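This structure is in structure tokens; I'll ask about it shortly.
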Amino acid sequence: MAEIVSLADAVAELVHDGDTVALEGFTHLIPFAAGHEIIRQGRRDLTLVRMTPDLIYDQMIGAGCARRLVFSWGGNPGVGSLHRFRDAVENGWPVPLEIEEHTHAGMANRYVAGASGLPFATVRAYAGSDYLKHAAPNVASITCPFTGEVLTAVAALRPDVSIVHAQQADREGNVQLWGITGVQREAALAAHRALVTVEEIVDKLEPVPGGVVLPTWSLSHVALAPRGAYPSYASGYYSRDNAYYVAWDAISRDRDTFNAWLDEHVLDSQGANR
Amino acid sequence: MAEIVSLADAVAELVHDGDTVALEGFTHLIPFAAGHEIIRQGRRDLTLVRMTPDLIYDQMIGAGCARRLVFSWGGNPGVGSLHRFRDAVENGWPVPLEIEEHTHAGMANRYVAGASGLPFATVRAYAGSDYLKHAAPNVASITCPFTGEVLTAVAALRPDVSIVHAQQADREGNVQLWGITGVQREAALAAHRALVTVEEIVDKLEPVPGGVVLPTWSLSHVALAPRGAYPSYASGYYSRDNAYYVAWDAISRDRDTFNAWLDEHVLDSQGANR
Amino acid sequence: MNDGPNGSIADPHAATRDEMMTVAAARSLRDRDTCFVGIGLPSAAANVARLTHAPGIVLIYESGTIGARPTRLPLSIGDEDLALTARAVVSVPEIFNYWLQPHRIGVGFLGAAQIDRFANINTTIIGSDYNHPKVRLPGAGGAPEIAGCCREVIVIVRQSPRTFVRQLDFITSLGHGNGPGDREAAGLRTRGPVKVVSDLGVLEPDEVTHELMLTQVHPGVDVESVIAATGWPLRVSPNVTTVDPPTIEELQALRQLAVGGLE
Amino acid sequence: MNDGPNGSIADPHAATRDEMMTVAAARSLRDRDTCFVGIGLPSAAANVARLTHAPGIVLIYESGTIGARPTRLPLSIGDEDLALTARAVVSVPEIFNYWLQPHRIGVGFLGAAQIDRFANINTTIIGSDYNHPKVRLPGAGGAPEIAGCCREVIVIVRQSPRTFVRQLDFITSLGHGNGPGDREAAGLRTRGPVKVVSDLGVLEPDEVTHELMLTQVHPGVDVESVIAATGWPLRVSPNVTTVDPPTIEELQALRQLAVGGLE
């Protein structure tokens, strides 16, 4: 049973220094509020995992939370680079960032293997790519025992904690999300501990088209975080703030501008007391 | 693009003597009308594939369509045995029936592998079971290249034809089914040719909770078959006729009774002209 | 044993042997357990538990229904009532891969056609020749993986020398193999069968040898009759106790469920 | 080349080089094609095709949207407009495993930061040291599998010696490797790149060597300037033709899409 607790309490209990942490959400339902809470609580040495590190990981990396990043596409979609990510990779600021990168198909199937209780998944992926060597030791070849065909195996991902954002939970902690649901179900089920932040807590979850339900007993905690995916979007609640994504380019280019933004919008924010 | 054709034309075009044919539907949406059409068209030497062969396969086996059955649970749920299936296995009537049996997890993942374009899938299945030897050569052991753990591999299923029943199609041949959707998506996508029979053709598919959509371009044909899942049920259209399942026990026990039933309810039925 | 007094009870609170079995099995489940429910007798027991002492139990069926709360016993594990009352309905590959396989489910609840002293289960064939069986049974369904991947397993089966056999005709689902170490050798990491509930009593594996031992008898059943109904020399606990008879509440729950369903 | 006349056109029907590139790429798609659309320039071209000569084209994005019909160009491939206009929305594992991987999709439409003479693509790093790159690019996304699993691939990329390079700094997505046989040796069964559309013209792999050859130039572009914008000695077809200029309809479709979106 997932207990419904405050976001601050959930992060304090579930996310520890040095943990492997996955915040998932594919453009939609990105758990920004939870990421900001992790920054506020000063977590360090995290291995951050995410298929598409975008602004939230740029912010967490710039704030010095991460030691390592495991990912498959890192950018500000439609805008350009992630400057904090690049500064960490290219210059080691504020701390050096190791990277391990995969393809989307590889990452998605690493979560699938983790969610399925298997040590690996088999894919037709990475073929002919330099990632075959750079993503080792978590990518290897595997031979079909029936046909002899050689395919690619990817190692399961089992984050210590996965955090996803959803539209609704009921009072027992059952969760429903809908719209583009990406790899969130797999990320939550692959983790040792799973936290879901939600827009709203309702008396009863009404099934909706495209809805994915995560039963309360498969989760650790649920935390209320209205607008917790902003500036990404929550289908049925609010739209993506594209201007924020465009503005981030300038804010994040410069270390001082970034630090000022971090102080004002995250560290001094009331979110800490939510 | 799936052309919308009559059920008789679809079966005539897609199902050939000697084919490997999967009719799927897990209690719900079992494609009875299509199975009866296959009987009427006198198909022979089929390899019939289905996780849960129940009445429709008992009828097809009794009618002499099948040479081989690949399955994971064969019975009349809540009632008892499949007498035509047993008569074929135990006495070779009306023709001998070879069997290849698996576990549900094995069969489901054989379809998953087929739908995924992979030659095999990896599972924690069959452990310590005599099926490990009886399901060979389509079950083998496989070693994780990362951990060294030994797991079970199952060979992909790629039926020549898969047939499923759905609630609705639109006029372009896009299909939506909902409720318990079982392994139907995987069965359809694993096949070389896919036929969907539907309760209704509508102008526009409205997304429903739990809906699974099969785009027209992933299917071969769509055929209108109202009540085509009877005596199983079609959620939103009609309920399961439990009395039919109970009555089947007596009808199917005796070869003559069965043949009389077949003549009256399938061979002489207007379904042939639908 | 199937010719018991079903349907001919004068006192509506007196239980048949099948009812006693079902109630005893239901009591094995705890509130908030997650339970993967096999077809047949297990479904009745699991739903009695849900309607009596374990309202928070989560029932999972291989049709993909998670948290089903049927009002009547389903004839099949894919009945619409299961889907309509479930917290979530997922595909069949998903129920096996994402929910059962990762040891996410606490209790697997299985039936059997034959069971041996190590609680290995046969639901495939009766007879010594697989290709020419005396009786062709339904086969595996989800049972081998329920037996392998649930954190523990409870078996519910009517007891007679035909069902409790010295040697299985086919091992469909692994119990304790031939004793300690065999599950691990087969690649399993779960406890396996912790209890077998029959219409005569309750058997539990010995902690050391893993062989089933009679630990409880149902009211009115003596140990000798259980031994006589067992196809191997049955070990008997030095402290056999008697199961409490069904309460009125338990019997009512079971009988209401049974209206309109089978088993 | 990026400093073209964008935004400063007097005649609204005269196309910029970027617009010419997008329109030429759009024309490569056929009605009823299924097209896996990479992020960036490909999305503009694919949607121009959909709004002009290929209304039946099925656009598939790695966010899991199948049959999306956006009214404006999405800023990201997971924009809500894609989901709301799609025939189906599936999970990310499903879009890769059930739809892309089995060679179910006809055309993969990709961008590039660097491309070489065999249409291999780099979107990972600029610089010779992976661990200390001169420029860190976004990485793979779905591109390596789009390049490997779509039945054929079209690349859209602005042409300059910085992008059309002799030697990639990193092979992110395989084109034709070092020539015939290399895709098969990597385990691929698909055709690979059949066309590269740039802002200067169109290149196609030679049937025998698989090396890219200039086959078309855009209006107003001469062959010499394409050679000058290529970081290797560019092969030129003996029959280079000139691409037809954009029609009014094509330009209008592109410009309407671009309102409110990027690229």
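Letters A, B, C and D name the chains as they come in the text, with residue numbers starting at 1 for each one.
As a convention for this text, a residue touches a chain if its C-beta (ideal position, glycine included) is under 8 Å from a C-beta of that chain, and two chains touch if they have at least 3 such contacts.
The model shown is predicted, which means the values in this text are computed figures rather than measured ones.
*Asks:* Count how many hops through touching chains it takes, at the least, to reach chain B starting from chain A.
*Replies:* 1
*Asks:* Higher C-beta contact count, B-D or B-C?
*Replies:* B-C
*Asks:* Just the number, please: Cα centre separation of chain C and chain D in whole Å.
*Replies:* Taking the mean C-alpha position of each chain, the two centres sit 58 Å apart.
*Asks:* Counting in whole Å, what is the centre-to-centre distance of chain A and chain C, each centre being its mean C-alpha position?
*Replies:* 41
*Asks:* Nearest whole angstrom, what separates the Cα centre of chain B from the Cα centre of chain C?
*Replies:* 28
*Asks:* At which residue positions does chain C touch at least two other chains?
*Replies:* Residue numbers touching two or more other chains: 97, 101, 149.
*Asks:* By the touch rule stated above, which residues of chain A touch at least two different other chains?
*Replies:* 117-118, 123-124, 149, 151, 185-186, 210
*Asks:* State which pairs of chains touch, listing all of them.
*Replies:* Chains touch in the following pairs: A-B, A-C, A-D, B-C, B-D.
*Asks:* Quick one: in the complex, what on chain A touches chain C?
*Replies:* It comes out as residues 1, 115-118, 174, 185-186, 189, 213, 215, 217-218.
*Asks:* Residues of chain A touching chain D in their complex?
*Replies:* Touching chain D: residues 26-28, 51-52, 71-75, 77-79, 81, 85-86, 89-90, 101-105, 108-109, 111-112, 123-131, 134, 149-151, 179-183, 185-186, 210, 212, 233, 235, 239-240, 242, 245 of chain A.
*Asks:* Residue numbers of chain A touching chain B in their complex, please.
*Replies:* Where chain A meets chain B, its residues are 117-124, 137-138, 140-142, 144-147, 149, 151, 153, 155, 207-211.
*Asks:* Please name which positions on chain D make contact with chain B in the complex.
*Replies:* 32, 34, 58, 66-67, 87-88, 97-98, 101-104, 149
*Asks:* Report the residues of chain C in contact with chain B in the complex, numbered from low to high.
*Replies:* 39-40, 62-65, 74-80, 82-83, 89, 91-93, 96-97, 100-101, 124, 130, 132-133, 135-145, 148-149, 170-174, 177, 182-183, 186-188, 261-263
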